[in-house]
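Following this message is one structure expressed as structure tokens.
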Amino acid sequence: MYTLTGLELKNPTILAAGILGTTGASLCRVACEGGAGAVVTKSIGPMPKTGHPNPSMVRLECGFLNAMGLPNPSYPGFLQELEIAKKDSGVPVIASIFGGTAAEFTEVAEGLLPGKPDAFELNVSCPHAEGYGAAVGTNPCLVEAITAAVKDVVNVPVWVKLSPNVSDITCIGTAAESGGADAVVAINTLKGMAIDIESGYPVLGNRSGGLSGKAVKPVAVKCVYDLYTALEIPIIGVGGVSSWQDAVEMMMAGASAVQIGSAVYDRVDIFSEISTGIEAFLQRKGYSNVKRLIGLSHEMV
Amino acid sequence: MYTLTGLELKNPTILAAGILGTTGASLCRVACEGGAGAVVTKSIGPMPKTGHPNPSMVRLECGFLNAMGLPNPSYPGFLQELEIAKKDSGVPVIASIFGGTAAEFTEVAEGLLPGKPDAFELNVSCPHAEGYGAAVGTNPCLVEAITAAVKDVVNVPVWVKLSPNVSDITCIGTAAESGGADAVVAINTLKGMAIDIESGYPVLGNRSGGLSGKAVKPVAVKCVYDLYTALEIPIIGVGGVSSWQDAVEMMMAGASAVQIGSAVYDRVDIFSEISTGIEAFLQRKGYSNVKRLIGLSHEMV
Amino acid sequence: MLPLNATIVHITEESPSIRTFFFDLEFETMEPGQFVMVWIRGVDEVPMGLSRKNSITVQKVGEATSKLFELKEGDSFGLRGPFGKGFSLPSKGEKILIIAGGVGSAPLAPYADAACAVDSKVDTILGARSADDLIFEERFAAAGEVYVSTDDGSKGTKGFVTDILSRLDVLLYDRIAVCGPEIMMASVFRLLEDRKVLEKAEFSLHRYFKCGIGVCGACCIDRSGLRVCKDGPVFSGVQLLDSELGRYTRDASGRRVKI
Amino acid sequence: MLPLNATIVHITEESPSIRTFFFDLEFETMEPGQFVMVWIRGVDEVPMGLSRKNSITVQKVGEATSKLFELKEGDSFGLRGPFGKGFSLPSKGEKILIIAGGVGSAPLAPYADAACAVDSKVDTILGARSADDLIFEERFAAAGEVYVSTDDGSKGTKGFVTDILSRLDVLLYDRIAVCGPEIMMASVFRLLEDRKVLEKAEFSLHRYFKCGIGVCGACCIDRSGLRVCKDGPVFSGVQLLDSELGRYTRDASGRRVKI
């Protein structure tokens, strides 16, 4: 057991947003069978969205490309799923939310409060978000305002999920911190695309999308490393974690916990596999607990 | 044979900057044995640089990480290598140059002119460049000014190599075009990092570096696709090309030619392999020539 | 994997609204019940059971399937797969009951072929709206007895597959494989539950697929949270106890929709 | 590949300035002449020939090697490899001449072992500054005759390996393997060129390595443009005709430096 922004986690592996998070039952399965220390729901918005046409996700030689288009039943539709997850998962349940404006974010957060999420994760980083031309998450002022607005209306921790598709991720991380974020989550997917050369069609229904999985791990590690230097608040590392070694690497870069997304492709119990692996590593190295790993690489000079 | 910014290329595969480009003889080998349609030299600057301490490049599960630190003998030291490449390679030789300011760029360009490079490629995108905090290439005003300055002093085509580590690559591409660039080259490496979990040390001597190879291909394809929409000038696609299929994909996204870097790891004659593959594909599809592929995916809607 | 390019080599009209598309790829490792994601470029990508290792059998219902029906021999579409868990293959000599409704015959016909190949005895209850809509009757007949039911009585028993099923002694069978409209499967499920033979029954489910590869969670069913695309589409009757089967499904946004 | 963690299990003092570090990894596929990149964390990563499948033999010359000399048993460093092209292995019964100068013995000792293992007859010319600096004499002696030369005459012939080489009938040998300081290799090269036996000689070269894996181009030699790290470090004499060997090398910036 250890504490992350006030939540008690039995291990530092967390289900990432948008992965197996459409239903309460699925979230429970990831926690119970899968062994996740906490679970994040799919991102929920103010209005029901069916998302982009298929293909919405394909596996590449290295990693995965997806453009789901934030499908979600909106917060009223999702409340019952959140309640199931809270009742049966036995782990902290973090509600991922998105919107185009601060007002939409607070509307969704308040709408989900009856479901008693243990924390909120603000998805300001989706490359497909509407409203402001580019994604909300490339604008530090907006990120700060949205974070502050949500902090104002909820009394649980607020995590802010960052996009790597920016010149300087620490600048957005700092904005989240200034807005009162309890933690940042890095990274969301990298902008990417694949083309079917037989036909010339882009493969994704949305033409382009986000890259995840093994391909993005070095990028995620670098983002976490830089954020660790710039921020006081904890960083949750995500992007390409698919083994305990990856999780340890992410923590040494500065992550207080890791999220796992695409790697559920291999097996749902990747969470217990990774947390067991981390424990064995700590034992072998004689480290008292997982906190010893956090940011360790910064000391090695 | 086809023409790219006025250069005659026997095929659309070009050696990328910083790869096997330290010596004139090596550039000749890539052209003659390797079959490259053109070669780009390593990036040359105003002063000799030994680069970062090793490890300066490692192979990852997906792709490669490097932080060479722009080692180069400076333009006076490189002139003789350029001359050898020009004399014996039999293909266009493009001089890649870098600097911290427009004045440094022009100094290097003018210094290399006696070697008669067929074109210049401005490396404004190296993540390790000094002088302006972040890399020069994240600042559109600087990119435009540098491009214009080099165009002023040379009478050969000028290509500008773009970094993907920006919120919006089309904005930097547009700046290059406004500065008078004859083509843009996309992409340079993505910021990335790997940590040795046994010791906690970052693996690269420079701690972090740039990601290349298969991992970055979807990112490169997306950048090329977006640039094709935004620019009038040709785009040269680079990033993770290691098969003729990759090259075709890059061209369908909008690239007029491709550069190949990390894939020389597999074999130096990857250039002839890829250009033969493209030819066979054109034949099978009944396309008259390679130009038919360029930007094809934009028509498929 | 990126979609493979599949060129249509032959099209068979199975019924007024159902066609089989033979393509130039063979999924040698395909298990009956597995599906492929069929990408009609520029339109949509939808799941389809493999009706053979080189064919899909499609009912025209909406946009994607209509576009597919516009394609001719020589045209092509994208294919990813085969994905998911198919029906458990019978052992030599086992007695099998297949219950197929409408286009649900598509993944069951190769199952009948496979069962026949290992000398299983296969009885089939084949249901459809009318005689015209019955598909793969010959393939099932080649494997054993076929009991036909049609809603309008134009062939076989007038009524539903359950009308026939309720008259059979289900205890005689080692395995029961079911695929068809959800309402039908729910009735069959209740009947087999009553007869206490759920543990030897398998059902192939349909839910809205996005990723098709077990990552996004769009296709998860209550209360198990199992993914239809990866843990299914074929589930044992026991896995479906206390499930949403026959009660509700979820649309593309994840919202529950009554069945 | 990321560097593997190699823990030092034993250190042998080969000479006042040369030590062998045995580590807890075994490169089973290692060919004599191949090298590893040795990462002294926080300092540098430098190439070292494998002197056995589980050891490197290092001469202290500068920063990285000095730090390496500070390590004790139980300490560790990173290792990537084995990389590059080694010496061509002899066939049974062939007659081999090894010419080793100084720490150049390191990659040649396993070559002698391998030759001995296939019953080749191995003669070695072993050169060093003084008797103290001779390394692996016993390993070479176990494989055949050893002719020693020292600059100061403290053991064997006073002078250079070429003094011994010029007295041998090189036509007797099927293969000649050479590694040592570049000046020495250049003299040997010229001598073997004169005797017209370059096609059966192989030389292991040293150049400044950055990537070590054949991508960056830092180690390319003139005029062939071959990469010492990947196409070498072992080259046939013929590959080195008209090359920069003995004339110049390049420093870390790529600048030519006279030898």
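Residue numbering begins at 1 within each chain, and the chains themselves are lettered A, B, C and D in the order written.
Note that contacts are C-beta pairs under 8 Å (C-beta built on N, C-alpha and C of every residue); 3 or more make two chains touch, one makes a residue touch a chain.
In this text the structure is predicted, and so the values were computed from the model without any measurement.
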Give the chains in contact with both chain C and chain D, ordered by label.
-> A, B
Smallest number of contact steps required from chain B to reach chain C | 1
In terms of mean CA position, the chain most removed from chain A is D
Where the centres are mean C-alpha positions, what is the separation of chain A from chain C, in Å?
-> 36
Cα centre of chain A to Cα centre of chain B, whole Å, reads 33
Averaging only over C-alpha atoms, locate the centres of chain A and chain D and give their separation in whole Å.
-> 51
Name the residues of chain C that each touch 2 or more other chains.
-> 41-42
Two or more partner chains touched - positions in chain A = 60, 194, 199, 201, 300
Pairs of chains, among all present, that meet the touch criterion = A-B, A-C, A-D, B-C, B-D
Chain B-touching residues of chain A, taken from the complex the two chains share = 60-63, 65, 134, 138, 165-168, 190-195, 197, 199-202, 208, 211, 214-219, 221-222, 225, 245, 248-249, 252-253, 281, 296-297, 299-300
Contact residues on chain C for chain B in the complex?
-> 41-42
Could you pull out which chain A residues touch chain D in their complex?
-> 300-301
So, in the complex, the side of chain A touching chain C is made of residues 18-23, 25-30, 42, 48-51, 53-60, 64, 66, 68, 71-74, 77-78, 80-81, 194, 196, 198-199, 201, 203, 205, 261-262, 264-265
Quick one: which bits of chain C touch chain A in the complex? Just the residue numbers, please.
-> 1-3, 5, 37, 39, 41-46, 76, 78, 80, 209-218, 220-227, 250-256
